[in-house]
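Notes follow once the structure below has been shown.
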Amino acid sequence: MRAPALRVAVLGASGYSGGEIVRILLEHPAVEIAFLGANRSAGATLAGVHPHLAGTRAAGLLVRPLEEMDGIDVALFALPHGACAGLAPPLLERGIRVVDLSGDFRLPAAAYPEWYGFEHPVAAWLDKAVYGLPELFRDQVREAVLVANPGCYPTPVALGLAPLLREGLIQPDGILVDGKSGLSGAGRKADEGAMFASTEESVRPYRFPGHQHTPEMERALELAAGAPTSVAFVPHLVPAVRGVLVTCYARATRGATTEILTDVLDSAYAGEPFVRVLPAGTMVDTKRVRGSNVVELQAGVDPRTGTAVVAGALDNLVKGAAGQAIQNLNLMAGFDETTALSTAGIYP
Amino acid sequence: MRAPALRVAVLGASGYSGGEIVRILLEHPAVEIAFLGANRSAGATLAGVHPHLAGTRAAGLLVRPLEEMDGIDVALFALPHGACAGLAPPLLERGIRVVDLSGDFRLPAAAYPEWYGFEHPVAAWLDKAVYGLPELFRDQVREAVLVANPGCYPTPVALGLAPLLREGLIQPDGILVDGKSGLSGAGRKADEGAMFASTEESVRPYRFPGHQHTPEMERALELAAGAPTSVAFVPHLVPAVRGVLVTCYARATRGATTEILTDVLDSAYAGEPFVRVLPAGTMVDTKRVRGSNVVELQAGVDPRTGTAVVAGALDNLVKGAAGQAIQNLNLMAGFDETTALSTAGIYP
Amino acid sequence: MRAPALRVAVLGASGYSGGEIVRILLEHPAVEIAFLGANRSAGATLAGVHPHLAGTRAAGLLVRPLEEMDGIDVALFALPHGACAGLAPPLLERGIRVVDLSGDFRLPAAAYPEWYGFEHPVAAWLDKAVYGLPELFRDQVREAVLVANPGCYPTPVALGLAPLLREGLIQPDGILVDGKSGLSGAGRKADEGAMFASTEESVRPYRFPGHQHTPEMERALELAAGAPTSVAFVPHLVPAVRGVLVTCYARATRGATTEILTDVLDSAYAGEPFVRVLPAGTMVDTKRVRGSNVVELQAGVDPRTGTAVVAGALDNLVKGAAGQAIQNLNLMAGFDETTALSTAGIYP
Amino acid sequence: MRAPALRVAVLGASGYSGGEIVRILLEHPAVEIAFLGANRSAGATLAGVHPHLAGTRAAGLLVRPLEEMDGIDVALFALPHGACAGLAPPLLERGIRVVDLSGDFRLPAAAYPEWYGFEHPVAAWLDKAVYGLPELFRDQVREAVLVANPGCYPTPVALGLAPLLREGLIQPDGILVDGKSGLSGAGRKADEGAMFASTEESVRPYRFPGHQHTPEMERALELAAGAPTSVAFVPHLVPAVRGVLVTCYARATRGATTEILTDVLDSAYAGEPFVRVLPAGTMVDTKRVRGSNVVELQAGVDPRTGTAVVAGALDNLVKGAAGQAIQNLNLMAGFDETTALSTAGIYP
């Protein structure tokens, strides 16, 4: 007898991440999209808010006010920062598991005022939240009731640096991360700075210092590698829609070479379906992983200056958001971790 | 007992269409990718020629010289014009079915010298070739041994105009088609005119008069609607990678209105999984169908001038090439027509 | 003794066209930018509203409320439709000459309710307005006190078709214009449909039927060629910032060939600094004219169907707006017509 | 009496930098474009190799073989690395001054085998070459007979960091430079990796370690600030045509703050027409300086980690190549340094 489908709610269904969650779940044989929530678009159909999904079997599903959610097993939150912290606890108390794509459960309580601008309202739940980077914390995710889905920038940083820190191949302090992101990371809301006319031919840094992914990188690395690190982070916008590239700089320790770093990453991720470590001398490319749940990683050492460089590329809406959330969902629900998730990029 | 998988060869595996065929076939439960052929890349792996497929189970398949092909049931040809006409007949004689993505089997023999610049070498096979536009010629495709997969421009033109011609709502002569295409249609080969620096911010017509899709449009319309038409066609390049938009202009006959045209298209494609007729007043968008096998159609009448306008949008590498080829393959093999084909666009 | 500079006001200084007017006027030796008006940005400096002009001598000019305008000789209006019709008459009565970049003075009074949605408030001034397409109406512009600066789409249509109509080489009825525009034509205001994430990889028609440039095309052609025409027009958005391409289709009259059409255009624009007629068989390209005041034109005939095709390309913010306005200003003021205007595109 | 025009040769006239030199020189009242040299395009007109310049007075100039150059005062070399080192010395000996846009005269002789792959053929001339960054070495440029025009990446790095090094506000070792470049930097030659279809939506590092601009950065900083530095550099390609952004990371010394760094840069470049230091907290943008000879600089300190960050943006074909070459030419010839050079970006 076939098991009944897992009933999943998507909150924030009208945004880019919400749409991507739905698109991926449509390929999931064991999930029922049981609720689509979005206050502003309530009353519209899925096809109305996401016309690219008009040809799918979910096209006619109604988007409903968040408070009408009922009869679900798992809630995926793709709402702006601050919303899930308020909405999740009552669900959790009723036994509904939660994956939160916002930053609400990624940091210690003390960090919220500085980095997110609010006092965390349910600090007790922070201790129970698991940081949902499966390749580093798979076992905890399996047991979690509340998963903090990682940010798009911290995901490749943590995956790329954690194994090197564990092996002592790079210094934990003085890490620099230079991030490049396409525009979909800024969300769907109209904004002059994100217009086509403002963005084509524009490369620019933003929000430095102070991007909220900075402490998340430090925390993820500490959780994964066991010791504190210090990270400075400058994000940039580039004229692309999808895609995040991070270039991480650290001081290599004596003896570290491109080959050694590459080998360590290779070993760390052997058998991982969604991490692709490139051979020494090969370069990552966001375009290759677009639409897939794959992270590409590359490592190198500049022997002249002793600088270790690790670059990572992913699709910010998939491995950097919706895809990783479903990877976490699969683990929490006991499904095959790769269900519904693609390893093939859409190219060109 | 499960049926043995259909053994499929992909010829021209190193090009964009070839890569897209492989990407889609990887989702096909009843197909085995039995041979990847490409003379220039012979010896490389699939991941070597298409790094975006490095994470898939086909990554290690070797690309081999065309003449080594053996042990297959169906051959999908994604080679330049002129190649399939030479290579297909011996296969067909051995009972191997063929889907050709080039123009080699789309026109009557007499048209080849003018439009393709060569005398057709196997005119007898032209009569047996079926024009593979399933929504118009599904029954013939089911029985075909040789399918001429339609061009990216003629597909939306034929789908958009055939029902209106059949109903006598537009005049068959004086049809004008203005086409807009992204750069992937020009193929993967390096060329100064297709460089990023030459293309961003560039909108330009090309190959007018004389684009080889012109007689294909006329022929597809005649086959579908039963009477000769006259089409002038101007294609344009726009700074996009995927996507073809056609805007078709015809003289509306007395009484034709936007609503009537829309209704006729709606009825013609009711139940079709891959044709989406937009409500009157709504506009098609190539971005919405990217990565999917869907064609969006929209019809309107300018009552002031009596001009009927039908616009159609598709992903030239999917419904305009690889996806449609697999749709044809599904029909020829008796599979569900939609197997492995997506109706969800990748957006944004 | 050097003449005192012409004191020019730019109204709507904070928009794209306003910024482009200022950028060009900075190269003008006989013009003083005497007033920058924009209600919403009033109080900011030019560099504040247009940071790309921060290094220029006008960087510190204050943007002021429109009603503070005083002490000027000529006013260039780059405000939304409807504004100039209200603001210009009192200025004109005080002897201030006006160039209006909006549509307020381009059509007969009777056309405004249908095409612009308002009753024209000062129909008497419409008769005195000159349609400012210098290559067709140069003598009238020289004498004008009120110039209606043409729309970006009608400019290449009128330039491309008027000589052919005059020579009887194309039929005046049944003209079709397929327009392709970059996003800057939609203005600077934030809008979801014009976001980078909505626009990259998107090609789509818009506003059909009913774009307000349709009657302007008909009127410009009638003024220039002396007989009524009938035009249907479908505009499209393509993922570019600057650039308008129009592809015009008409029935060729007996005997018309690509060479004849090209010769007629060549003769019509011999000596014109801002019109470049391409040799037969060469294709126009918006990228080549970017940043310049040049229109590229190309003509061809499809002998199979008797279709004449004329394509025209320009930079919508220069020859399609600000550059043409300054070309008109030069004529009105008795300056060399080319002053401050570039014939060199910015490429790549 | 007006002085006779300076007769200038442009070698490598058919490339992007060559075209940009010509475009700018067309605005120069004291320069005659006396020779256009390019071996591969020899025999074509300027308009033939650069159709965007077809409307200019230089359109008909013939491109000629390099060896036919004669009767010139100054030669601007925009040829690939290695060419100028061979061709310049005989010219210099005849008293012709040279500005070289390649890397042939930027480094000490000993560095060429490692970074450029050749033994420098005329090491004696290296000592006489002046590094042509006018804002740092203006006096030497005025006296130079041979100017090494800086690379596009080193220009903003040197301008951004030299004043801070001089003031001891950052540590000279452990400097990291993360570069982002559009595709025009890769030149005009067709290449699969630079195709539109390969580049849109692609962000990727390249040539690390070992980019030849690395030692140039170190040398420029040492020349300007008087002490050795150590720089690691990772360049990236982003989907833009023009534009280089560098993000430079260094350890701030005790007491350095965003305000202090900004003040130091402000003072260093007060009065410089082509350097724009942004107020603290404002972000540079390549799009704002496109088409202009301006560098935008921004400085900040992350107090949490003690990281100083300096970002710089320029148009790689103007301030990063052709514009800077003409700025040098102006200085060498005693013209006003800003002649023909724009401070206004083309936006949007």
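The chains carry the letters A, B, C and D, assigned in the order they are written, with residues numbered from 1 in each.
The rule we apply is simple: contacts are C-beta pairs under 8 Å (C-beta built on N, C-alpha and C of every residue); 3 or more make two chains touch, one makes a residue touch a chain.
Treat the numbers as computed from the prediction; the structure is a model and nothing was measured.
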| item | value |
| --- | --- |
| Touching subunit A and also subunit C, the following chains | B, D |
| Pair exhibiting more inter-chain C-beta contacts, A-D or A-B | A-D |
| Centre-of-Cα separation between subunit D and subunit B, whole angstrom | 46 |
| Inter-chain centre distance, subunit A versus subunit B - centres from mean C-alpha coordinates, in Å | 36 |
| Between subunit D and subunit A, distance of the C-alpha-averaged centres to the nearest whole Å | 39 |
| Numbers and ranges of subunit C residues touching at least 2 other chains | 16, 182, 184, 188, 197-201, 239-242, 285, 287, 290, 348 |
| Contact set on subunit C toward subunit A in their complex | 16, 182-184, 186, 188-192, 194-201, 239-241 |
| Contact footprint of subunit A on subunit D as seen in their complex | 174, 176, 178, 180, 182, 197-206, 208-209, 230-232, 234, 236, 238-243, 245, 247, 249, 251, 283-287, 290, 298, 300-305, 307, 309, 311, 313, 348 |
| In the complex, subunit B residues that touch subunit A | 16, 19, 23, 26, 50-56, 184, 188, 200-201, 241-242, 273-274, 276, 285, 287-292, 294, 343-348 |
